[in-house]
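What follows is a pair of complexes built around chain A, which joins chain B in one and chain C in the other.
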Partner chain A sequence: MIPRSFGYHDPATLDEALTLLGEYGEDGKLMAGGQSLLPMMKFRLASPAHIVDLCRIPGVDTIEESNGEIRIGALATHRSLEDSQLLKSRCPILAKAASSIGDAQVRNLGTIGGAIAHADPAANYSPVLVALGARFVVRSAQGERVVAAADFYKDTFVTALRPSEMVTEIRVLAFGREVGWEHAKLSRRASDFALVGVAVLLRADAADVCTQADVVLGAVAPVPVRMQGVEVALVGKPLTSAAAAQAASVTKLGDKTPSDVHADAAYRAEVAPVCVRRALEAAINRMTARNK
Partner chain B sequence: MSDADEGAYVGQRLARPEDRRFIQGAATYVDDVALPGMVFAAFVRSPHAHARIKSVNAEVALDHPKALHVLTGAEAVKASHPMPVYSYEPAQKIEKPAYPCLAAERVRFVNEPVAVVAATDRYSADDVAELVEVEYEPLPVLMDPEVSLQESSAKLHDNLPNNIGLHLVRQGGDIKAAFAEADGVLRRRFRMHRHTGSPIEPRGIVASYNVGQNALTVYASTQIPHILKTHLSEILDFPESNIRVIAPDLGGGFGNKLQVAPEYVAVCLLSMRLGAPVKWIETRRESLSAFIHARDQILDAEIAYKKDGTLLGISCNILVDAGAYLDARISGPTLGAGLWLTGPYRLKGYFCDMKETMTNKCPYAAYRGFGSTKGVFVIERSVDLIANELGMDRAEIRRKNLIQPEELPYKTVSGLVYDSGDYEEALDRALQAVDYQKLKAEQAALRKRGKYIGIGLAMAVEGAGWNTYTAAMARPYVPTQDYSTITIRMNLSGRVTIYIGDTSMGTSHGVTASQVAADALGVRLEDIDLVEGDTAVTPYDSGTRAARFAGVVIPGVEKAAKSLRSKVARVAAHILEAAPEDIEIRSGEAFVRGLRSKTVTLQRVAQVAFAEVWSLPPDIPPGMEATESFRAPRDSICVTWPYSVHMPVVEVDVETGITKVLKYVIVHDCGTEINPMVVEGQAVGGSVQGIGGVLFEELVYDEDGQLLTSTFMDYLLPTACEVPNFDVVHMATPAPQIPGGYKGMGEGGAVYSYAAVISAVADAIEHLGVEVTSTPLSPKRIRQMMRERAVVAA
Partner chain C sequence: MNRTIQTRVNGRKSIEENVEPRMLLVHFLRDRLRLTGTHVGCDSTNCGACTVLFDGKAVKSCTVLAVRAHGHEVTTVEGLAQNGKLHPLQAGFQHEHGLQCGYCTPGFIMAACDLLSRNPAPTEQEIRLGLEGNLCRCTGYHNIIKAVQWAAANLAEGKSDHV
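Coming up: the complex of A and B.
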């Protein structure tokens, strides 16, 4: 619980931060809210020689919409996503996912960029961002590139980021009431990480026949997993709770399903279809509520 | 309140004066203590659950620029006696496995301390500790208490040939006759899992050895400042008169901090070597892995009953997973489990065999409930299962067996002597408060919709104050009794200070002691201060434990306050030229009864007593203080006998195993209530620990003895989100043997709640074909039960 010594830098601009990161490479570590990094340092599981603290960099925490795309600065806190009127009306699934991260103290400090870069398999955002087809703007001192969420997560705590790169922005397409959605976190306590996380986005035609389904699970594998079988089972079907139950029963976890003290792989395999079914039902209910 | 004439303070819901500092973040915990020249300690701990220490090399560590000293186990063993252990049972001879403050030859659990380092700052101390090189030779690991008992198993201590640390047998009544009369016998294995009190403030100490005075001052996070002082004197071979223990504000203790911590001894040794103050505040990981574990017991029980629901007798074999060493108080939680197996019921026969088995886990000791939690779990669950078997309602089978008011005092077959109350009335009030019949109808309706709620029901009589505790310390064992000694002093301004040798651990001593003393003295509540926890200024005391404050300490406070009152009256009588017996004291003023015009303030009275002694007659001594003792009744192991009925309602999501406590009714009786708000706080706080203990908290080891739940991310304490609103119904049957009628009640919440929450979960799912006999009732475990049921059904 006592970290090793480290160098501390608090650059005033993004360019300065990226220069420092480029300079220190593997020895440097960016810190945004510090909600994951600091505990790891205190346990001496991580001992970066240099911390580049992003807390003084202005302007990287905005949430804006332009041309149907929502752009979220990487330093936006979970709290600001949770409370964002824009997200609540144009991408409510992301506001909801933010609202059940940890507790209020964590949400006040933790940032979406930090959470994405940390890539905890049980984190709330990752299945939602994959379901949304989000794209991450990634910068280094050398330049900028855009990585799709589906290509970003590589393994437990491993991402497509190079040591000199940071996520600066998250881009998702806005949607309205035409989409049925749900994010659910099955957890022991309200503030815990997910045992199973589910993100569902459903689109339907005027007759409530499903035209597109995005169903992605978190916490059941090293990276977010799209439940293609469930999606296929839904598309072309009228969105009813019977259809939800039938599709959810197709939920299948892979052989990399993690086991821990709270949920072994057998438990996760058993409850994942339940979580999917309930999330589908909630999404369908939201969609039908739209018609009333 | 401006005038005590308007009514007594006792019985009122008064806010605690101590809240100000706690709520404003202005409390002083051990970590807030900073002494000039203070240095910092960190422990080198074993990564192995069982290993021989081949060598300890501190050379590299001492080269660290901030390193001051490294104390190894081998050196510590030479400089100190082993940690103490004693039995609560008079007849019991206890084998003492060597329990050094730092392991010298063998380590027996992961994170056992093997050396302690000192450095100039806390960060460097950890760096230095990391540099100490310890070579280990791993030994076979024992993680299962039943395996430990096998002859072929490795032995953890040379003087314990069977790995049995303690073996107690108790019996009462006629167990053979009870079983001979039975129509049925319920036989079950019950198991409560390992978890603990986990106070938010972990252990901490600042030890300061003064070379010039050869004196040791110890600021420690502890429930037992005086007893810690006595033990430190013995362990360190150091005069007790030269040790001062100061227990500052305590951020939770829950019985865990009855421990005489090996780490505290090591830090004292470090300070004595360096001649400098040394601070050690443990980390959460150390706290969860190397402080105190609790609860973990296997209880094989047989309960004899008649087909009309009459309970006849209980026989039980208890196996306690005591961990690697015997903590000083180890026999308490074991004996408590055995003693409380009889519940509030009339039984004819009792037999209990209790064994403490050594394993390669963190040592096991006291946690709120002190054993009774397990005994109550077993009897309450058994009564439910017998009711199910007989097709009886759970409330009705209890009603049939409850000890009735006219039978009190009642000696149970296990040897407890319940003092007073009306258990059936408490049951009725609980059923009414929860609206039992309506709730049962609601439950049935919900079941049809696939929603499962369970109505928990559990009741017990709590033993508050343990007479045996101080006895256990005496060598050789002598039967004894609990007592309190209180000093109370009025100063020149007329304000009053109470001196108590224990320490408040969220137990509201400030307000409750002041309420009682204010009434007894006739002063205003705001004119009273409380000083606790400093052995240099308070009388000897056995500490904050066993819910003894209301039943043992408060009568002492009342007695001392009355004694001081009579001194005040004598001086006031002299000033007012009246007889002492005609003096009345109210709201900080003394006056002649019936003559309110003849009044003198207590400030004036104090001035005369301290500063104008020449004006007093020679038979009135100067000053204004009194010291009095109260000796507890000793016809039973415990002093007072509060009781409670708990009825939580829990929803179980059978598809995921997730549980939610929807509501919670408590009916309780702790005699005369000093402050109902404090009583409710204790009842609710203890119940939250029951919710945590049954549904969330678990210390999980892997087969190699590594603890998998060593942070609060994995060891799940319930938060506000997991806790329902509580309805508390008060009854008040005064304790017949205690002046004032007070009964302690701090432990009970964490006793009844376990059985009640378990009962609620069982009630929600047992109709689906499972049986609940063990904890934790975690989602994983509930799903596992549902799966196993499916296999059996198939």
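Coming up: the complex of A and C.
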């Protein structure tokens, strides 16, 4: 299988890439790692007239912390997130989410910015980034804006990006051992997309009473969904496995839960509370381990 | 517009003219450079039979545009043996009978190269997880795991002439 013919551009700078993207509009498509786009082009599900390949643009793949905020260049690969010592100590949930995307070969090429812009509802990052309150720096030839993760995802494969815009940076707040966290997904095999994805962040006071809970699911709707009922059930309660079980039982999926050959909506609704309970327990265990 | 691409493949400089941007790296290697050790399996980023090293990192060459290789280094299974001596991974697959039909083998070996470069002493579980991007329909994987363990042990001892 080979893609349809396309005009190929591999600019050396971000500005050039954005100018080209502005020129081609709907006919142009950015290629980052290409690990989703190229298969779609081979299957002829996508046939962009112009590819603006970002592979020759240096410096957009750094991972740095400044003033408690971690800034990740959009072209950082999943592998570099997975291996990042900074993320492992200051935002480990993101390193873990990166480590179970696709397989090693895909993670060597695929990028966080590409995955975000592609907006597959079953992808790993989206629930994690919403739970983290991440912000995306979005640029076009005209200028720059910052979009909150929660406002970015609009529908299946649809985002707040305009045709001339590119995600250039991802910003998340760093955290330490005071936060209990977990990212997990239920999938048929390790390398598969999630049937249910869960991101959990828990904060507590000195007595392990929950002060803040962020629980976001992926793959159960066109966009990541915050489980507000579960969050409300946790805050103010001592973080125990009984509290996790009680809160997880509140998990409720909406009427846009997808059905496909791997899992119908009823199955996802059945397993989602189990996934939430397990993720909450893992997060609580991490949090209580900090005191030891 | 077609491109001229200059690459270093298996240590040798190559200049190929008139490469169509939509040409995939695997076809470039097989059809242009006649390096047919890299196989086309599923052609859809699943099976890993087309795995090669791109600047030392394992990638699925059915999911990389050949034009991207311009200015970069590619290693295929043909580039592993040195001075007529098999690479320890090749020797390991032979020694531990890590193959039956052999179709998936070059991809497994190249993926294992990347795995061992990151983690020279992987556990069985780490090998299984590290090679999740490669499918073998013959062996049930047991001997493939043994082959990688054999290679890891022999690389650790600094031997590379175990044939």
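As a working rule, the second predicted complex is superposed on the first by the 291 of 292 C-alpha atoms of A that agree within 3 Å, B and C clash if a C-alpha of one lies under 4 Å from a C-alpha of the other, contacts with A are read in each partner's own complex, and residues count from 1 in each chain.
Keep this in mind: contacts are C-beta pairs under 8 Å (C-beta built on N, C-alpha and C of every residue); 3 or more make two chains touch, one makes a residue touch a chain.
If you're wondering where the values come from, they're calculated on a predicted model, not measured in any experiment.
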For A:V106 in the superposed arrangement: first (chain B), second (chain C), both or neither? second
A:C55 contacts which: chain B (first), chain C (second), both, neither? second
Let me test your reading of the model: by the given contact rule, A:L38 touches which partner, first (chain B), second (chain C), both or neither? second
Go through the superposed model and pick first if A:R79 touches only chain B, second if only chain C, both, or neither. second
With the two structures laid over each other on chain A, which partner does A:H262 touch: chain B (first), chain C (second), both, or neither? first
Check the residue A:F6 against both partner chains and state whether it touches chain B (first), chain C (second), both, or neither. second
Does chain B (first) or chain C (second) touch A:E270, or do both, or does neither? first
Under the contact rule defined above, give the chain A residues that sit at the interface with chain B and also at the interface with chain C. 1-5, 39, 43, 103, 189-191
For the complex, which residues does chain B have touching chain A? 42, 122-123, 125-127, 283-285, 655-658, 696, 698, 700, 708-709, 711, 713-714, 716, 718-719, 721-722, 778-780, 783-784, 787
Note which residues of chain A are touching chain C in the complex, please. 1-8, 10, 31, 34-35, 38-39, 42-43, 51, 53, 55, 79, 102-106, 108-109, 189-191
Contact set on chain C toward chain A in their complex: 1, 3, 20-24, 27, 43-45, 48, 51, 54, 57-60, 62-65, 67-68, 111, 114-115, 129-134
Chain B-facing residues of chain A, complex: 1-5, 39, 43, 103, 186, 188-193, 195, 260-264, 267, 270-271, 274-275
